[in-house]
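Per-chain residue numbering starts at 1, and chain names A, B, C, D, E and F are given in the order in which the chains are listed.
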Amino acid sequence: MERIATGIPGLDEMLGGGLFPETAVLVEGAAGTGKTTLGLQFVVNGATRFDEPGIVLTFEEFPRQFYHDAAAFGWDLRQLEQENRLRVIMSSPEVALTDIKNPDGLLAQAVQATGARRILVDSLSHFTLVERDPIALRQLAFTFVNALKRLGLTALLTWERSPLLGGDPNAGEFVTFLADGYIALRYVELDSVMQKAILVLKLRGSSHARDIRQYQIMGDGLHIEAKFEGQQRIMSGYATPSMADAFVAAFGRARD
Amino acid sequence: MERIATGIPGLDEMLGGGLFPETAVLVEGAAGTGKTTLGLQFVVNGATRFDEPGIVLTFEEFPRQFYHDAAAFGWDLRQLEQENRLRVIMSSPEVALTDIKNPDGLLAQAVQATGARRILVDSLSHFTLVERDPIALRQLAFTFVNALKRLGLTALLTWERSPLLGGDPNAGEFVTFLADGYIALRYVELDSVMQKAILVLKLRGSSHARDIRQYQIMGDGLHIEAKFEGQQRIMSGYATPSMADAFVAAFGRARD
Amino acid sequence: MERIATGIPGLDEMLGGGLFPETAVLVEGAAGTGKTTLGLQFVVNGATRFDEPGIVLTFEEFPRQFYHDAAAFGWDLRQLEQENRLRVIMSSPEVALTDIKNPDGLLAQAVQATGARRILVDSLSHFTLVERDPIALRQLAFTFVNALKRLGLTALLTWERSPLLGGDPNAGEFVTFLADGYIALRYVELDSVMQKAILVLKLRGSSHARDIRQYQIMGDGLHIEAKFEGQQRIMSGYATPSMADAFVAAFGRARD
Amino acid sequence: MERIATGIPGLDEMLGGGLFPETAVLVEGAAGTGKTTLGLQFVVNGATRFDEPGIVLTFEEFPRQFYHDAAAFGWDLRQLEQENRLRVIMSSPEVALTDIKNPDGLLAQAVQATGARRILVDSLSHFTLVERDPIALRQLAFTFVNALKRLGLTALLTWERSPLLGGDPNAGEFVTFLADGYIALRYVELDSVMQKAILVLKLRGSSHARDIRQYQIMGDGLHIEAKFEGQQRIMSGYATPSMADAFVAAFGRARD
Amino acid sequence: MERIATGIPGLDEMLGGGLFPETAVLVEGAAGTGKTTLGLQFVVNGATRFDEPGIVLTFEEFPRQFYHDAAAFGWDLRQLEQENRLRVIMSSPEVALTDIKNPDGLLAQAVQATGARRILVDSLSHFTLVERDPIALRQLAFTFVNALKRLGLTALLTWERSPLLGGDPNAGEFVTFLADGYIALRYVELDSVMQKAILVLKLRGSSHARDIRQYQIMGDGLHIEAKFEGQQRIMSGYATPSMADAFVAAFGRARD
Amino acid sequence: MERIATGIPGLDEMLGGGLFPETAVLVEGAAGTGKTTLGLQFVVNGATRFDEPGIVLTFEEFPRQFYHDAAAFGWDLRQLEQENRLRVIMSSPEVALTDIKNPDGLLAQAVQATGARRILVDSLSHFTLVERDPIALRQLAFTFVNALKRLGLTALLTWERSPLLGGDPNAGEFVTFLADGYIALRYVELDSVMQKAILVLKLRGSSHARDIRQYQIMGDGLHIEAKFEGQQRIMSGYATPSMADAFVAAFGRARD
């Protein structure tokens, strides 16, 4: 089956080849873990390398900052917009939720105009500012995500978790049920250093990597690196070396 | 006593032979643990291998996605429907709760038309969107499940837990009391990899396996594998090797 | 002083001989730990082996299921009812709470007709469906339990706890104060297997076993087995081998 | 300074000689830890061994049970009442709170009639049934305890904690501030057995034992035994042997 | 810069010489940790040894008990009052909060009459009885503490925490922000004994000891003793010996 | 790209050179961890060493105390104000939130008058006193921070966390989303001493140090020191030496 490659080094292999078309995948993590970067990378790679135009729907309020942040990774969003390969929509959650229902809305027009196949929604968690009632919120988000799919888009939805470190993976019951995939980004304290960990927890209809890997945010975006080794409780935010490894680290292996 | 075999490799043995007729068993787990797959496998196996037609009641809103996901496991639901061995009912929780009370409702008709003996309800947790009051919700779910039994159905009820990892097994007091069995699916971090664990915690009126086993979701559905060995706290989501095993791993066994 | 033997292998010894007459003892545990089985065993043994007729007050809604479950353990409740040695009352919490106040109510009549000395109330936790206010609930349960004693009954009251695993023993402050005894049933993960543990935490006016024992639910009901050995934190749901035992398991004992 | 000896074997030594006159000391613990027994022992010893009459204010609703429980320890409360050395007042929290304000109330009369110097209030936690507002409750309990002191009484106040095991010592902020002393009774899982632990955490104006001791409830009441040794986290409910002790237990001490 | 010495053996050294004038320092701890004793010692030492008269503002309701408790440490408060070196104000939180705003109030008069430079407020936590709204409470406490400073007083403010053991240091956000210093007193279970620990967590504008020290409450007040050694997690209430120390305790040091 | 150096020894290196212009960075930590000191150091260094005037917006109510605290570090704020290199604005959260919207407000005037490029807001957490509704609060803080950027300011925003020790890094979801960077200051219990740890968790658009470092508050402000070594769980507040280090500490390394 067709796959939508993210083009992010190492990630497509974790995803068993990429995302499925017209699915929505959560990218969940704390502030600073690189959710937006991962999402932009997905959309920009589509536009520049895979001939798949894309849309960035952001609730960021500072266009200059936004374009600047992207430029720091070498992504010239304005240029891509001029080439009609990308459309950046700066909106508010309220406006986006109304617009999505309109077949002639901004988003629908952008899809039609660019032939977009990918979208980054940054961030879905802003919807919690719009609707306090959890059930109403859940239905609202469900409607929104379904509308994206109906527009033929493959979506990355960022979700910001508030405990920066620790706490179990949990984007609130209101989003896990609506996503076809779930990518968790985590800070992990390991050897007195704050590392970053990525895990593909779920990818509907596909096999995927199950190991927890390190990643770096480098000058050109995220790079997935080797899997963690000899550690326990990584996803809790505080990695603990396995006891066997601790023994070996201290004494060497007994029988070599 | 008669048993309703799931036909899932390894699971019937864990269940002491299968489910009892006209009982309802919870399949509880986080997003991506394979609850729906397990349930479909139960119903499809009934229709194709055990001559027991079945019903799938789903609150999924995308028929195409749903049939496609099943097809990825080699299950041609439309074909089975044409052969009158399966009926897929796509509904909403509200509609389903009303329909179940109607002796001429969709569900009753489907049972009559197909002679169905099995049902997958995917998912029972959607009922929490319909009714906020916990006591009313509990009674409503109770009525629903009892109605399934009165229709002669053996039911698998999926229940989605929101913490993806960690947290004690707990589907909320409102469902454990109404189920005749309880199958828990869990993500377990072990050796820096996210494994999957299955446990039959309860099966009314039957002996059953008590060990915690690994399972894989493969191209043709779930496969139960060997039990975990030398691990503690598996069901907490973070497995810890036993200290004795850690010593042996590091030093070899002292007296061999 | 007179004791009311449960007749459950191993349990009477744990209880220092049995229960005291006209007391009420909680049997608390998660779904599937065998609370109802233990309770039925207590009442059936009374009727068949100790010449003490009994009553089963259940809020179960499926008589067929109920009698069937009992039959699976070899208990023919209908036969016992015909011999006037047992009375099964299927009711709702609301009805039971009204009935208990009526000196000519169903329960009072059943006691009079059978000369019942034992009762199983399955389960007291259903009362939480009737009354939301915790103080009102507490007084209501208190009144109910006292009424049972006034009828000359010795009562086992089951209480279902919602976390299936883990969590401290706690039936809510609203029931511990009213019970003369407290028997806790627990799932315990040990060596990657889900074992069952029983503990008599309290028995007013009597010495009792203080060790935590394993038990099995077998074809004829519960069997108490040996105490746990070399484990810590059993009652937390996740047993941890003591470090000393771990050393010995890995290396053998140093000085033997 | 004068001390009010409890006469409980081992406890007076822990208390640095006994309680101070006209103070109120909390005895906090879970159901079944022996709070009432300890309190009765205090009052009965006063009446029989120290020539200090006493009062038992209980919210127990079954006089027969109450007298019977006491008799099981060899305490003939009715006899002591006839000798005017003891007065048992069975009341409700509501009535007690009104009565205490009345200089000619039952309690005041009982003090006058018997010359009582000691009182057991069993239990202070019942007041939480009377008043829901925490601040009002706090003031109400404060008034009540002060009234006891004004009557010249030295009081033991039992407080039932609802988690049977685990949880930090905490009788709610509403009582710790009003007590002159604080005795904690705990269940402790140790070596797969449920032991009992006693700790004097506070005794205003006095030195007291700071070690955590085991105790037994025997045929004549509580007996304080040796202190725990080589254990950590006793007060958490789950004792953990110290690692040094675990090594020695497994290997023997290295240099003996 | 001038320092206000507490005169408590060991504490001034921990504080880098003492408190700064016209600052307010929290003394936080559970019931029985000696907050009031420490505070009285501070004020009495001022009056008797440093020629700095002081005020004790207490919400204690039993004057006799209060003076008696102080006398037990050898502090004759009445004598100090007669010498105009001390003023004990027994009040309620409500009255104190009104009085503090009155330039001719009791407190202002007491400062003027005695030339007081120190004050113990025992306890600030009583203010939570007066005002339920957390923001209003915070502003009220802020106003109160500022008024003390305007009167030229250096204040110790006691704060009672309700979990007696365990729980992280936290006097509620409403007080930490208003204090210039923060002294934490803790029960610590260590080697099966309940020890006491003191830590100066914060002292605005000054260096201070950062180690956690033991202390005793002796016949003449608090004595700070040696720092803890080889322990972890002291401030959690349950000290854990470091693993290295455990090895050495069991085996001796390897290479000596 | 231009960087705004903090001038704090060690911190600029952690930040990859300094802050970016017109960004806002959170400095989060408990009372006494030195948030205000760090912030003042940032502004004062700007004014005195980098020719970048600055503003201090503080909700402190005691000017004398404030200037005095700064003087203790050798920072003569009044002198800097006279030289028009610094402006201290003492305000309330309410006033500041209104003023910020006014183009001729105090803050705007101060920027214009001094040419300020830096600001310390001490503390953002005071805004929680103004607005109780979390969504309104979030929007209000967002507006405020954006206004600072529009004025051309680079901002340090202090945030006081209420648990002094322990608890995961979490400034509440309401602030993490609005900050371009996040610096966490922590108390850490290590070897029975309360150390201080600093971590740059996030810095939008920049690489930064990921290790957790110790720091001291010295006579001239904060000094960042060496990174922690051989410790786990530092950010939890209770550092745990790694097991391998514990072995080496006790026995020496096996093969040297």
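One rule holds for everything that comes next: a residue touches a chain if its C-beta (ideal position, glycine included) is under 8 Å from a C-beta of that chain, and two chains touch if they have at least 3 such contacts.
Nothing here was measured: the structure is a model prediction, and the numbers come from that model.
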Third chains touching both chain F and chain B: A
Shortest walk length in steps over touching chains, chain A through to chain D: 3
Copy pair chain B, chain C: interface residue numbering same or different (half cut): different
Copies chain E and chain F - rotation angle from C-alpha fit, nearest 5 degrees: 60
Centre-to-centre distance between chain E and chain A (centres being mean Cα positions), rounded to whole Å: 50
Inter-centroid spacing, chain F versus chain A (mean Cα positions, whole Å): 29
Shared interface positions of chain C, touching two or more other chains: 243, 245, 247, 251
Complete ring sequence of chains beginning with chain B, oriented so that chain C follows: B, C, D, E, F, A
Chain B residues touching chain A - in the complex, by the definition given at the top: 30-32, 61-62, 68-69, 72, 125, 128-129, 132, 160, 162-167, 187, 189, 191-195, 217, 237-241, 243, 245-247, 249-252
Footprint of chain D on chain C - complex, ascending: 1, 135, 138-139, 142, 146, 149, 168-170, 172-173, 176-177, 179, 182, 184, 199, 201-205, 207, 210-212, 227-236, 242-245, 247-248, 251, 253-255
